[in-house]
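For reference, the structure discussed in these notes is given below.
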Amino acid sequence: MVDENIDIEAIAKATSGASGAELANIVNEAALRAVRYNRDKVIQEDLEEAVETTIAGYKRKSTIISPKEKKIVAYHEIGHAIVAAKQSHSAPVQKITIIPRTSGALGYTMQVEEEERYLISKEEAFNKIVTLTAGRASEEIVFNSITTGASNDIEQATKLARAMVTRFGMSERFGMMGLETVTNVYLGGDASLTCSDETAAIVDSEVHKIIDEAYKKAKDILMAHQKELHKLADYLIEHETITGEEFMELLEENK
Amino acid sequence: MVDENIDIEAIAKATSGASGAELANIVNEAALRAVRYNRDKVIQEDLEEAVETTIAGYKRKSTIISPKEKKIVAYHEIGHAIVAAKQSHSAPVQKITIIPRTSGALGYTMQVEEEERYLISKEEAFNKIVTLTAGRASEEIVFNSITTGASNDIEQATKLARAMVTRFGMSERFGMMGLETVTNVYLGGDASLTCSDETAAIVDSEVHKIIDEAYKKAKDILMAHQKELHKLADYLIEHETITGEEFMELLEENK
Amino acid sequence: MVDENIDIEAIAKATSGASGAELANIVNEAALRAVRYNRDKVIQEDLEEAVETTIAGYKRKSTIISPKEKKIVAYHEIGHAIVAAKQSHSAPVQKITIIPRTSGALGYTMQVEEEERYLISKEEAFNKIVTLTAGRASEEIVFNSITTGASNDIEQATKLARAMVTRFGMSERFGMMGLETVTNVYLGGDASLTCSDETAAIVDSEVHKIIDEAYKKAKDILMAHQKELHKLADYLIEHETITGEEFMELLEENK
Amino acid sequence: MVDENIDIEAIAKATSGASGAELANIVNEAALRAVRYNRDKVIQEDLEEAVETTIAGYKRKSTIISPKEKKIVAYHEIGHAIVAAKQSHSAPVQKITIIPRTSGALGYTMQVEEEERYLISKEEAFNKIVTLTAGRASEEIVFNSITTGASNDIEQATKLARAMVTRFGMSERFGMMGLETVTNVYLGGDASLTCSDETAAIVDSEVHKIIDEAYKKAKDILMAHQKELHKLADYLIEHETITGEEFMELLEENK
Amino acid sequence: MVDENIDIEAIAKATSGASGAELANIVNEAALRAVRYNRDKVIQEDLEEAVETTIAGYKRKSTIISPKEKKIVAYHEIGHAIVAAKQSHSAPVQKITIIPRTSGALGYTMQVEEEERYLISKEEAFNKIVTLTAGRASEEIVFNSITTGASNDIEQATKLARAMVTRFGMSERFGMMGLETVTNVYLGGDASLTCSDETAAIVDSEVHKIIDEAYKKAKDILMAHQKELHKLADYLIEHETITGEEFMELLEENK
Amino acid sequence: MVDENIDIEAIAKATSGASGAELANIVNEAALRAVRYNRDKVIQEDLEEAVETTIAGYKRKSTIISPKEKKIVAYHEIGHAIVAAKQSHSAPVQKITIIPRTSGALGYTMQVEEEERYLISKEEAFNKIVTLTAGRASEEIVFNSITTGASNDIEQATKLARAMVTRFGMSERFGMMGLETVTNVYLGGDASLTCSDETAAIVDSEVHKIIDEAYKKAKDILMAHQKELHKLADYLIEHETITGEEFMELLEENK
């Protein structure tokens, strides 16, 4: 039932890091799409759309976003993309879009690793945080204002910074001392600190330091590439969705 | 079953920000009202009343409020309305009423955004808090006394200020560090802080600072528009419900 | 089934502030009493007794209180009543009794607002606390000793003082910052503080300050009306139950 | 089924302060005893034994306590009894025994109020704590050693001292501020502090102060009555159970 | 079914302090053993083995312990036994063994009180802790190394020291102030502190002090009896199990 | 059904420390493998593979790891192995592999004790932590970078260091004071601290100290054996799995 020409490699990369449940959802989603289009084979396009749907929700066609907010979203996404592209330990950008999704996302930047990855170095983890903070950094540089648009980035950046300090042993302060164990407590609990409140306060300040440094780096990168930022944001506002190739080309052209 | 002339746009704006469950309630409420009036079509009025019922409860005809309390409520609501109108990043006032509702509300001021909004800037969030504190500010200026009438405003203003600091990254102190994740714990829990008690104390003082500044701004605006405050409160006491247009006209006239 | 001559107004005032469940209890209680007396109509007296039963429990005829304790209770209740009467923002006294009730109350002082109230000002809230502390203040002035008789007053006064600080925005220290949300947690929980322990300690000291000031005011009022205190306590010991009118008359006479 | 000559008054006094469930147990216990002795009427003796059984458990005939421990227990109980008798606000001693009970009690001193009491003054509460600490005080004075025999006294004394500070408003430090609400949480929880940890630490030190002062007073009283202490302990070791009258007589004689 | 010559006294002493459930287990265990050996009477030996099985588990015949570990275990147990024997307030040693049991115990030293005890003095409680710490003290003196073999001793010593401070009123610091109530919470909870964190920290340091002093005393006793320690350990390694009498004799001989 | 030539001794050693449930899994696993290969006897190989499967999961044949990550994993595992081999109190290396397992492990180093062990000394516990930190130490020395590959080592090292301080009495700071009791709370709970937050903070710093010292020791050992490190890592990359004998031989050769 699955087309033989499917580029399994590409799908695998795009879904690297997805959980078993997420992969099951993607396959299911792709099969449903094939049925919807009266096809008896799942084709490449079904799988690609399924990946996006699972990550970002369905396209929300009815949502009409104002030109002002669209502009903010475009600069936000291009901020993520430029910072991702300008860092050494960072997965390449595959797609940027500002078409709202039912998940509530007003836009997103998809990065795909060049090969499947099993280890993340301290530098890579930090660079991911830099990229996550770059959306807001772009808003602040361009509009001298910040919005709630970064709240999901904040959550993800904080989780990663916290894991660096407490589970990955990536802070000078605590070294290889573990401070958190991931538990699936029925209380909806996430990761609970197994340490004293005093130690937890030091963890907080280590996490804060990482995020502040990341944000500063994101801003520095964007300040150094303002020309590209404006050109690419304009292009994105016009086209709404651009591929990684288009993005890299434009980035080169506008240097 | 729904009248074709309904101004869906207006309804959509008035309900912007409502949850799926709330929207379902509104539609249900409107249908019930149509049935009550022996109509087989839901008309504009049904929907408008339904919106209010859902937000503020049914009109509570039996409630007889004393003239003294009515005056306090009027000044409280006009306080909200004037401060909303005098701030740059603030949705226009659509209706002000001092007819008590079954929900326990003695009055309310309805604001409706001019276009659907998906992002809230730091300035807008702060201005919302200013508007929320303006009811009490008005009471204090006029009566040199404060009442429990502001307790709901206090709860909303605090929640928003807390979200600014902990989820929206809108404080200088914590920047893009997330400090709270919303959970629907079966214990009735709301948003729980994922940080140490020491950090939580700093969050408290950041939240406090925002609310104090907001209250001060609300008072400054009202002190600068005392003439309008008195004129409009008198008018509201007399008419009990006024539209946004009336309000804006009177505000202009009494400058 | 309800007599037409009932003074609904009076009942409404006496039960102002009662919850829906309490009102249902009162009506039920009144109906049962009518049945007990073989009446097919609920009369004024049924409702009045029902109001008291619901608030203070049934009269406990078997309880034989010693003359010494009776005297303490009488001074305690007259203390509440005089302080209530001598404050400007305070509901009038409707009844004072030292007949023990099954609820465990050895006596009580009933206050009824002159008109239905929806708002409580900071002064009124504080005066309520002053009245609540006046029972013990009277004991201390007269007997130079204090008893467990004030434990319920302590609980109520503390709850109200805590609400002033955390939910009504009535402290200078926290202004309009909310610190508590009422939850009906299945653990029997009441109101939980949504703040750090450090902030909770400041809340404690604010609450303490309010209660100490209230107790001082209660004592000052009673010290200034010692003659009335003794006369009224003697009268209450003799008559066991007195109406608000009797109380006010005697208070005037003994000035 | 109940004998008409029963001294209900005496039973009532002895059980004053008992809960409804405890009273039910006592009556049940008395009925069972009547059946055991083939009587169809519950007599005075059944009720008296039932009261003791409910409070202290059944006599444990098999328990053979060593002479050394018997001596410690006797001094412990006489310590309670003398301190109870030598304080002004304290219920008279009705019975002292060193016959072990199934409840684990190696002995006990029963006090019964002269009239039913509904209020406890600060002095009475403090004196109760003094009496509770007197068993150990006696052990320390006589044997210069302390034992686990006081662990139940410790629990009771601490509970009462804690209630004085947190629920009865009987500390200078907190005045009429309430700090604890009794809850029957299903977790076996007792009384939970509704305050910050900082405040809880002050509560701890207030409680500690009360208990230390009480213990000092108990020791002072016993030091001043050493002759009686030895005489009465010897007498109790010999007779194992003595009545309040015997006790008071011997106390007078040995002055 | 039970042999008439059984020394009930001896069994009773050995099981003094056992709970009802434990006694039931012992009797059951003894009956099973009689059946296993085709006897229709439970004999002394059945009961003795049953007592050990219940306390220490079945003999674990398959366990082959290395000579090196066997030596450590022997010194550990002889450490307990010598310190028990050399203290005044301490129950006599009845048996020492280094045959591993299924419970995981690699050896144990059984002490039995000379008469049934209902009270524990402060000195006795402290001496029990000294004896509990003596196993490790012996390891440290002989091997200059410490092992996980003391983990159960640590748990028991800490529990007892904690009870001394919080439930038995045996610390200078807290006197008769109770700080802990034993609860059988379904969460597996043990004894929970009913005090502030600040007070809990002082409890910790009091507990620590007791254990440190006890360990020091254990070491001092063993340092003063090194000759006996080596002789007895050698003897235990050779015989694996020795009785209290053998132990006392050897202790005397090697003085 | 089990082959008679099986080296039970070897299996027993390899599984020393496994729980009953784990042993049951291993036997089951071995039986299934025999069935899979159409054998009616479980042979040595079945058991060996079963041991590995239970500890590290099935071989994950589909996983294709990049050469760069494979190199990191090889250095990580050889780091563990060399440090294990160069410490005196440390079990010999039996196998090293960098074939990924379904459990998520990218490689592992298996150590097997020479004889069954029941006691762990302080030195041995510390050396285990040193070995656990050696994987990351190797990464840092060779690549001057650290990865998430050490997160499981961090968790295990921290658990053991925490047990040393809180359950095994192996810190100078707390001596034989117990601070943790292992509970199988249904909340997924692990070991909960039974002490104040202040004490918990000292525990944290003791744990931190142990881990930092261990990491330093691991680095020192590897710095002193860099030649072996590179030779062995190269060999492991080439062969993917090496036995303990091969490892020891190569270690000797490359000194």
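Lettered A, B, C, D, E and F in written order, each chain numbered from 1.
Just so we're on the same page, a contact is a pair of C-beta atoms (placed from the backbone, for glycine too) under 8 Å apart; a residue touches a chain by one contact, two chains touch by 3 or more.
All values derive from a computational prediction rather than experimental measurement.
**Q** By that same contact rule, can you tell me which chains touch subunit C and subunit F alike?
**A** Touching subunit C as well as subunit F, we find no chain at all.
**Q** State which chains count as neighbours of subunit B and simultaneously of subunit E.
**A** Intersection of subunit B and subunit E contact lists gives nothing.
**Q** Is the contact between copies subunit E and subunit F built from the same residues on both sides or from different ones, judged by whether over half of the numbers are shared?
**A** The interface of subunit E with subunit F is built from mostly unshared positions.
**Q** Rounded to the nearest 5 degrees, what is the angle of the rotation that puts subunit C onto subunit D, matching CA atoms?
**A** My answer is 60 degrees for the C-alpha fit.
**Q** Using Cα averages as centroids, what's the distance between subunit B and subunit C in whole Å?
**A** The separation of the two C-alpha centroids amounts to 34 Å.
**Q** Could you give the separation in Å between the centres of subunit A and subunit C, each centre being the mean of its C-alpha atoms?
**A** Those two chain centres are 60 Å apart.
**Q** What are the residues of subunit E that contact at least two other chains?
**A** Within subunit E, the residues that touch at least two other chains are 187, 197-198.
**Q** Using the definition of touching given at the top, classify the network of chains in this structure as line, ring, star, complete or other.
**A** Looks like a ring, each chain touching just two neighbours.
**Q** What order do the chains sit in around the ring if I start at subunit C and move toward subunit D?
**A** Listed around the ring from subunit C, going to subunit D first: C, D, E, F, A, B.
**Q** In their shared complex, at which residues does subunit E touch subunit D?
**A** Touch list, subunit E to subunit D: 115-123, 125, 167-170, 174-179, 181, 183-187, 194-199.
**Q** Taking the complex as given, what residues does subunit A use to touch subunit B?
**A** On the subunit A side, the touching residues are 63-66, 69, 72-73, 100, 106, 133, 136, 145-151, 153-155, 157-159, 161, 187-188, 190, 197-198, 200-201, 203-204, 207-208, 211-212, 215.
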